[in-house]
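Please go over the structures that come below.
Two complexes come next, and they have one chain in common, chain A, joined by chain B in the first and chain C in the second.
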Partner chain A sequence: MISPKYHREIPQRYRLEAGKCKQCGTISFPPRLICPKCKSKNFETVQLSREGKILTFTIIRVGPDKFSKETPYVVAIIELNDGARLTAQVTDCDVNKVEIGTKVKLVFRKIQDEGKWGLHCYGYKAILI
Partner chain B sequence: MLNEMNSPKANRLAGGDVAVIGVGMTKFGELWNKSLRDIFVEAAMKAIENSGVDHIDSMYVGTMSGGLFVGQEHVGAVMADYLGSVPIPATRVESACASGGAAFRSAFFEVASGYSEIVLAGGVEKMTDGADVTDALATAADQEYEVYHGITFPGLYAMMARAHMHQYKTTREQLAHVAVKNHKNGSLNPNAQFRSQATLEQVMNSTMVADPLRLLDCSPVSDGGAAVILCSLEYAKKLKRPFVKVKASAQASGTIALHSRESLTSLDCVSVAAKKAFKQSNIKPYDINFAEVHDCFTIAEIIVTEDLGFFEKGKGGISVEQGLTSLNGKIPINTSGGLKAKGHPVGATGIAQIIECYEQLTGNAGERQIKNAKLGLAQNMGGSGASCTIHILEAI
Partner chain C sequence: MIGIVGYGSYLPRYRIKSETIAKQWGMDSGAIKRGLMLYEKTVPAQDEDTITISVEAAKNALARAQIDPQKIGAVYIGSESHPYAVKPSATVLIDALGIGPHVHVASYEFACKAGTEAMYVAYSLVKAGEVEYALGIGADTSQGAPGDALEYSASAGGAAFIMGKEKVIAEILFTHSFTSDTPDFWRREHEYYPRHAGRFTGEPAYFKHITNAAKSLLEKSRMIPKDFQHAVFHMPNGKFPQEVGKKLGFSKEQMEVGWISPWMGNTYSGSSPTGLAAILDVAKPGDKIFMVSFGSGAGSDGFIFSVTDEIKYVQNLAPKLRDYLDDNKIYLDYGQYAKFRKKIIVNE
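== the complex of A and B ==
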């Protein structure tokens, strides 16, 4: 069972679908209706590159309720090889081994449980290459 | 009386000659015995009394989330009602942590345009009634592409801090110096939540929240209200009370997600709004004598003081370490104690910053009064830098 709110984001969370501006080439993730760079409204759907590097990160020691059992965990801003940027957890690693510039790869993982029914919600996390 | 006072005066107010004529605030802190409306009304009544006006024509209330914190929306109407001000127009203004600054700016426009003669700008937040504060505050970030992945507000600013430390060699101690300085200033402010000083060691050894930020790098969870009265300069002169002039009012937005910004070590909404404010008032950053800035986290004060043009990019950390932003420094920053020590009842913060400027500019800042306060700046920010208001106030 999934909620409409969750369902809407599946193309991005499962398949990393982004919008590439046909006029200037800027990749918007998630897709937008208007290109933030050139205001064009013409996009093609592309899949984000799955590899990239860490631009900055933090180790969450005090987490929100939903994530409190997972602390400490790393959240990073990642620049993918195609230039797109996103925020994701860096998982399956020693939190002390993460550094700015570290190469990572996006993988499919469970992210959290939604609402009082605890619906499983999935998406991308990063692992060190 | 209302109609007479509401008559359009746009021509007379050319250039927006607006004054702040009175201020009032509650103590910031954990105000267990006071409700959202009690807090606001206390601040608003003090401001009205302090200004000497016999009525207000309209009011704006900045609040981030009455809904999430106490389950009350429609906050403008609630406050007009309990202030005994029905039927005047009352509007709630929201721009996350910059709600207060945005409310002030709305009031400024209403007076500058000549639509109203006397307008109250207030802000209030009640954060200690048991709501999940982390979740409520997180709604100021991108819910689907940031918060979904487990990031928190300390986490977002921690990522800026790490990037700034990496790029400019800003040190962990320099971050701590911001907290030490602001606690020292807060100890001199009777309205501050924390009047205790903090040592460098205490900050450096406090609980790690989100590396590299520790508990004492973070502003606290607070209740509090603040209000100011705005009117035309002409009207202010008639009241024969201390007033200050609003010399500039600027605002800018930034992307909602931190990861969408080209630079992770600058807050573009701040530099854009600052440029506008300095252009409007025809002054330069170094003309400013003191500033209240949005130090929701220690790193924010360092980045903001750079982006306002007070210090060269990358030199915010060393500047606080050298004491340039201390009470007796070259440009005192957060003489009130800032969000860090004075407290951060989100919606009230932007108005409380204006109040500190007013107190300094009218010579009423008590033990923390700085010398030669002629021009003060208030910078209020929402989210991780998705909105920013800047006001410049001038002593008359």
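== the complex of A and C ==
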């Protein structure tokens, strides 16, 4: 059962809420308790940009069970326009057309199902723009 | 003045052509194109459902309304493909868009008119002064059984409308609903695909309900078809809306912009709402819009809108329906389509 963990992560997965250090401005995503740069514990909640570019990526051709029907698919490290970096699946694309530097936009998609009886788990994925 | 203050639409990128489906079942695609006027339809990606479509459409509506999401006091999603049997789709949507938690939400179901139900209740709550803004959405990833006539039409997409009193882009002048117990189409609990009564879905269901709702709406408003720049009717296929519009006295030109089903299919609860979104994308201040939905079972909701000067400031703030309909299409073969729509039995 992944419900409690899934529920805790909703602000990040649904709304891209990050922690911005009030002392040095470093953005942490997901939010941290202590700033990795200046060790401050003083954060404000900010919403990340939904656009960015692919820094690097891999093509998954043999996926884990829950994703095996979606292969081949791309998982990329994306740098958003505000500098934050995150890992996301790149959806709705020809995997052979994805390149480093390609501009992407984050959209709201279903990430996985908890079998036939469990939760539908939602979050962000990237599409090429 | 009460009406729409922001609207948005969304369609998936994937498509399947009518001839691809017809080839699979040994049918004549020419008959489908001529008879039903259906050329291709949208198909949801494996990671899309009514909730994700509603979120993307509502995101576009918020971009146009330019309001604080916290001011939205009610959210209703109409669909016959809610991902959960028990858990309202809007619970996910409000958290995705920063609405609530002080908000009233509900899921509606009424075959293809659940979207206009959501719009009507959202409008009524604002009119009653219960909430400042209310969001009504129609979205579906509709089901058509393999080999059934519905397989050529059942598609995916949706539209969202924020109702309010300030900076209204389309005032709602009149509404009228017409409902009866007409068993033309249904889906029993736990059944995967709906059943329909074939040609019975035409005259006693679709045409009777739309015609009655439309005529009452015209009487109530003391308007005639010529008073409108645009008209949109529920689009179960390409043919029916053109026929019912003609019978009511509307011209092809009046129905042209909202008539998108030949290339989109029937997005069920999102059908006439996406047609309305396409109209609002190009509407001019002063335009009058006539809209009547239809949901099997059966009922119709009718609306008369009057477009205001505010429309020109919001049309370009989010993607338009034709952007989704005409651009970046990815065509599927029948095998890919069957996999996407989970029509293939696999071991878990």
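To be clear about the criterion, the second predicted complex is superposed on the first by the 123 of 129 C-alpha atoms of A that agree within 3 Å, B and C clash if a C-alpha of one lies under 4 Å from a C-alpha of the other, contacts with A are read in each partner's own complex, and residues count from 1 in each chain.
One rule holds in what follows: contacts are C-beta pairs under 8 Å (C-beta built on N, C-alpha and C of every residue); 3 or more make two chains touch, one makes a residue touch a chain.
This is a predicted model, so every value here is computed, not measured.
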Quick one: chain B and chain C on chain A, clash or fit? fit
Mind working out whether A:V46 is in touch with chain B, chain C, both or neither, as first, second, both or neither? neither
On the A-aligned overlay, A:A88 touches which partner chain: chain B = first, chain C = second, or both, or neither? first
Using the touch criterion from the header, give the chain among chain B and chain C with more contacted residues in chain A. B
Touched partner set for A:I111, first chain B, second chain C, both or neither: both
Quick check for you: in the superposed arrangement, does A:E70 touch first (chain B), second (chain C), both or neither? both
What is the C-alpha-centre angle with chain A at the apex and chain B, chain C at the ends, nearest 10 degrees? 150
After the two structures are laid over each other on chain A, how near do the C-alpha atoms of chain B and chain C get, in Å? 12
Would you please give the residues of chain A that touch chain B in one complex and also touch chain C in the other complex? 70, 111, 125
Residue set of chain A touching chain B in the complex reads 9, 29-30, 36, 55-67, 70, 73, 75-78, 85-89, 100, 111-112, 121, 123, 125
Quick one: which bits of chain A touch chain C in the complex? Just the residue numbers, please. 10, 14-15, 69-70, 91-92, 107-111, 115-116, 120, 122, 125
Complex interface listing, chain B residues touching chain A: 132, 134-135, 138, 144-152, 154-155, 158-160, 162-163, 166, 207-213, 255, 257-260, 264
Using the touch rule from the top, collect the residues of chain C that touch chain A in their complex. 13-14, 45-49, 51-52, 55-56, 59, 83-84, 92, 95-98, 330, 339, 346, 348
